[in-house]
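The structures come next, written out as structure tokens.
You will see chain A twice below: alongside chain B first, and alongside chain C after that.
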Partner chain A sequence: MTTLELKSLSVNIGSRRVLDNLSFTISKGEIVGLVGASGSGKSMTARALCGLLPNHAKPSGTLILNGETNALDDIKAFADKRGRDIGLIFQDPAGAFNPLMSIGDHVAEALVRRDGFTWPHAREKARATLDRAGFPKSIPAFDRYPHEVSGGQRQRAMIAAALVQAPKILIADEPTTALDVTTENAILKLLKQCASEDGLGILLISHDLPALARIADRLLLMKDGRLIESSQLPLTEADAPELARLFELSHKAPAPSPSHEHPTLLQTKAVSKRHNNRSGFLSGSRATIHAVKNVSLSIGEGEIIALVGESGSGKSSLARILAGLDRASHGDVMWASGKGRVQMVFQDPAGSLNPRWTIGRSIGEPLSLPADHPQVKEAARDAGLDPALLTRCPHQISGGQAQRAAIARAISARPDLLILDEPVSALDFEIRDQILSLLERLRAMHGIAMMFITHDVSAARRLSDRMIVLDKGEIVESGLTADVFSAPHHAVTKALLAAASPSIKEGRERS
Partner chain B sequence: MLIRVLIQKLVGLIAFLLLASVFIFLIVDVLPGDPAELMLGTDSRPDTLQALRHQLGLDQPLPVQYAAWIIGFLRFDFGTSMTYATPVLTLIAERLPVSVPLAVMSLALTTMIAIPLGAFSAHQPGSALDRMIRIGLQLALALPNIWLALLLIMSFAVGLHWLPAGGFAGWKSGAWPAFKSLILPLLALAIPQAAILARIVRAEMRDKAQELFVLGARARGLSEKDILWHHILPNAMLPILSIMGLQFAFLIAGTVIIETVFSLPGLGRLIFQAITQRDLPLIKGVAMLLVGSVIFINQLVDLLAALIDPRLRRQSGASL
Partner chain C sequence: MSSALHKKIVSGGFLLIIVYAVLAAAMPLMESFYQIRIDLRLMPISNAHWLGTDQFGRDTLAMVIGGCFASLSVAAMAVIIGAGIGIPLGLMASSQENFASRSILSLNDFIFAFPALVTAILIHNIFGSGIVTAGLAIGLFNIPVFARTLYGAARPLWTKDFIKAARLAGKSNIAIAAVHILPLVSSVAFAQISMQMGLGILAEAGLSYVGLGVVPPMPSWGRMLNEAQTLIVIAPRLAIIPGLAIAASVFLFTWMGDKLSDYADPKRREGHDHDHA
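Now for the complex of A and B:
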């Protein structure tokens, strides 16, 4: 039974056509996955379906919802459908909540303001919906504010806020991108449950093709504002050649491990980091948190080490200590040569570049070189960045280009160790592939050792020689990447691997 | 939680006041040389100077002078004015019925003008209304309050004869005549401040309207009105409040000018006279009171912010 039928949706911004003649259907209980590179129009499609396009965007086409036909350019008519017939959840559940309002009231609010519920009645219903969405019963939702719960719990609450008005269609725009793998799986499972048990039709937008392939019934591929492929799952090469190719990209075989032994570059001995949670001079109670506990590891010259673990496992704290940005409470960091040069690359490349500086100036900064210095251009070329972009500012280049610029800046200082903190998790899969290839090439060219921090184990597998698994600040497993993948020991490692290896992928690799 | 924040603010208030008292004491009594000579002039006779020094307690060591001053404060003894030969506290008490209503009402008027103007302006950026409001604000910002005061007197007092040009009728003559003499001073004080605040309100509301949680609220189907009142405005209030706290200090400074222009018998004019006549006990007393009121308002602003924002509430609650 078709719940939603979209007929020739087009959107113009000025004279530019950003969405071109999109048509698809979503049936009752069906999960339709929508993939595409960033800028292909996925989010614009989601916004158009909810009547939430930016003011200057002009939509056309029709939307048949529960048998009722609506013209898509009639924004006013949508105000009533929004939330009630079509729910929307999106990435960054932290930003999606009003920081001054309790989690529970976000769920209850629409009932009070739209349907005339009293607050106690609305809260009762909201609590039931939160339970349905798997929000922990032990958390008093009406006394907890967005900053006081975890990202996964916020995403569950956002789903509850969408479900509370009992919509027929849920549009989920990158709902798990900001979450770690374990939480991502739990959220995807919940969405699957909503579809199969409540008959909710879901349009699931993601750049994580493997995750989509695990739960969707059908996949749509967008490119440059058009729908170019549509295929039932499992994928077949004949039906959807482009989707099949992208799927390959996301699971490229691991790089062959170099056979030679790496001389030691850096060693840590029983490094620990304690945070005393204490603020204000009148503070009485203090809580001690062990971000890093007793970590001993070594990094060889030219070696790539993957540091994996769930969010909050202490990966970034350890990285900050290695980079000298933070001091260990206990233990030592020792360089074989006495001292070493470290550079870092962060997850959000645009955020780590000064918005007012040109790219060239940012790259030249660590060495105090002018923006047009030949060495700056060379670093840009090494990072696969067109030197013509050096005169632009961060907002004028794409996310992938910004990450290349951040990498160029890091390598221009000729570091002994490059620490990469989730360098590809904000990028879509095609760009992700390019950046991973770039890192492989840089190691081959300059022999830079890298510590690659990620929760994306398939990226870790592709790039790293050795893998270290961190849980609650401690190393729970370490070994050659291939060994860890073939025979994981610790439960956390198993969970991380299981979360990231869909059955389809296994089938594909065997064939 | 809130009680703890309250206690914390109170402790902060006392600590700030002590610090301020040290500064006021040092600046007034120590820095500009011999206060007795300043008061009497350089050609005064040594024995007269010595007598005055003794009378002021200046022949005592500094810490003793400071302690005596502070202990006096605690016993509500602010000393005696040199020029009026009246207890400082009595002089201040006489001025409060003018200054307190003036400060409170101008702060209220500033808010009442600024928030609606800023909100209307932010509602549809670039619209005719927005442009008109912004031009108006720019004009009001450019006016020095002394010139605005003269302009108001020219039009409403001299021209139209609606309101008195200056002086204060006193509350004993009835609430309306007294209030009437405060209207023009209030406007002169509030308009430039409101123009600043309205621009902040506009910027903050536009900024908050871009936040993702506004999109989230729209996706849940809330009306634009609900979103404005329940999501955008409360979030915009936090920075607005802290600006208001800062503005209070400028308002106090403004009263010195405005009370002089309108010849109102308030604290601003009192401290102005005290300074010109080098009446040290009076300067110290009034300065402490003004500093205290600015600190108090800023602590009050912090408290209000904690009432609005759970992040501040929990944070300060946990730190005690």
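Now for the complex of A and C:
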């Protein structure tokens, strides 16, 4: 049974057509995955469905919801109905909450405001919905404020706030992008449960194709504001060649690692990093947090090591210590050559370049070279960046190009060790593939040792010789990447591998 | 507001400030007009005296124009002292969290907590009256204002990845502050300079009003107000005219500061909401 049918939705902003003739349906209990590169119009589609388009946008088309036809250009007439029947959850639950209102009251609020419930009655229903959304019973939701719970719990509360009004359709715009893999899986499972048990139709927007493939019934692919492919899962190459190609990109087979004997470049001996957190100004109690705990590892010359773990596992703290940006509380970092040069590439390409500097000036910084120096141009070319872009500023180039610039800056200094901190997790899968290929090539060209920090084990598999799994600051597993993949020992490793190894060809997991 | 219109308004403001500076520079030319001439006292508005004269027979228009000099020079000196010391301190405190940065911030709070007028009286008692004393007294209280503002603007920048990259490139904190941080916070600094100019003019008027400002015969708007208060019933214009001069110039500078800080915020400057398609 079709719950929602969208007919030829178009949106114009000024003279630009941002969405062009979009039509699709969502059935009762169906999960429809919407994929596309950033800027392809995914979020704009979600906003059009909820009536949240920016003021200057002009929508057209019709939306048939529960058998009722509504013209999309008349936003006001439709607003109330839409709010009730279509629920919406966002990528960043923190931004969607009022910091001065308890979690529970957020969920109860709509019942009071819209349905005329009394507060006690609304809170009772809110508690039940929070339970349904898997918000831990042990947390007193009406006494806790958004900043006092974790990101995953906030996202559950957000889902509860959407579910409490019993919508027919739920639109989830990148609901798990800000979460780590394990939490992501739990949230996706919850969404799936909502679809199969409550008959909720879900439009799930994501750039994470493998995650979508695990839970969606159908995939839609957008490009430049148009719907270019639509396919039931499991998908076949004949049906959806582009989707199949993108999926292959996200799971490319590992590069054969060249040699296995690497002379040691760097060793750490029982490195620890402690933070003392005082809980309040007057309370004397201190909590000691071990960001990194007794980590001993060695990195060989020209070797690529993947440092894998969930967020908060201490990966970045360890990287800062190796880079010399932070000092270890205990233990030593020893370079075979006495002192090593380290360069880093960061997760957010936009934040890693000075917004006012030209790209060329940023690349020339480590060697104190002027922006138009031939060596700067050479570094740019090495990183696959058109030297014509060197005179531009960061906001004038794309995220992928900015990441190439950051890589060019790092390699121009000819470092002994290049630390890559989640270098591809903010990028679309197509750009991600290009950057990973670039890193493979750079290793082949220059033989730079790399430490590749990621929670994306498929990228780790593709690039690394050895893999180190970190949990709560400690190394829980390490070994040759191929071995770790074929026979993981530790529970954390297994969870990380399980979270990232679906197969689109097998379709959704039947649980 | 469109950015073209915004630009016009800001350049209009700059033009007014230049006019103001020209008037201040014209003070020596005015000197002959504000000589004491008891025979001409309390003349009404006329062709010879466009804004009349005061109880000593001095031309009010000449006094107002002459007053620009005291206002502008005291405020400028205060800003130079405040910005010259406060900006480096703020940047230094923002660069890392250690004993030195905490000391700088605590010292700031200490100065903030001190009553400004009492300090001005103290400085007046030690050094006597005059432009330099007034500028020094006001400038001292500008230091924590600049330090705080720059600290607040620079602090979040230090955690950016491009700063880490600069550290890895071997740059020292001072070099990073000079080439990365300062250019990025310069618009904030300019906005604050303009605001403090306005407040400095107000403070100079206040000090001169209580007799701690510039020394006669140099004209000052604050002292004009003081001298007018006994005549408020007979000749209210003697209080109203310098009052308007103070209000207009304070408004001009603080308003410019506000527009400049709009300019500092790229989201407000470009005037479009950041939609993700």
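The rule we apply is simple: the second predicted complex is superposed on the first by the 492 of 511 C-alpha atoms of A that agree within 3 Å, B and C clash if a C-alpha of one lies under 4 Å from a C-alpha of the other, contacts with A are read in each partner's own complex, and residues count from 1 in each chain.
The definition used in the following text is that a residue touches a chain if its C-beta (ideal position, glycine included) is under 8 Å from a C-beta of that chain, and two chains touch if they have at least 3 such contacts.
Here the structure is a predicted model, which means the values were calculated and not measured.
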Partners on chain A (chain B, chain C) - clash or fit: clash
First (chain B), second (chain C), both or neither touched by A:N354: second
If touched residues of chain A are counted for chain B and for chain C, the larger one: B
Which of chain B and chain C A:S40 touches, first, second, both or neither: second
Which of chain B and chain C A:R113 touches, first, second, both or neither: first
Chain B versus chain C as contact partner of A:Q165, first or second or both or neither: first
Which of chain B and chain C A:G95 touches, first, second, both or neither: first
Footprint overlap on chain A, where chain B in one structure and chain C in the other make contact: none
Residues of chain C touching chain A in the complex: 160-162, 164-171, 180, 183-184, 273, 275-277
Complex contact set, residues of chain B against chain A: 8, 11, 211-213, 215-223, 226, 230-231, 234-235, 308-311, 314-316, 318-320
Chain A residues within the chain B interface of the complex: 50, 52, 79-84, 87-90, 92, 95-102, 106, 109-110, 113-114, 145, 147-148, 158, 161-162, 165, 278-280, 282-285
Interface residues, chain A side, partner chain C - complex: 18, 38-41, 43-44, 54, 225, 323-325, 342-344, 346-348, 351-356, 362, 365-366, 406, 409-410, 413
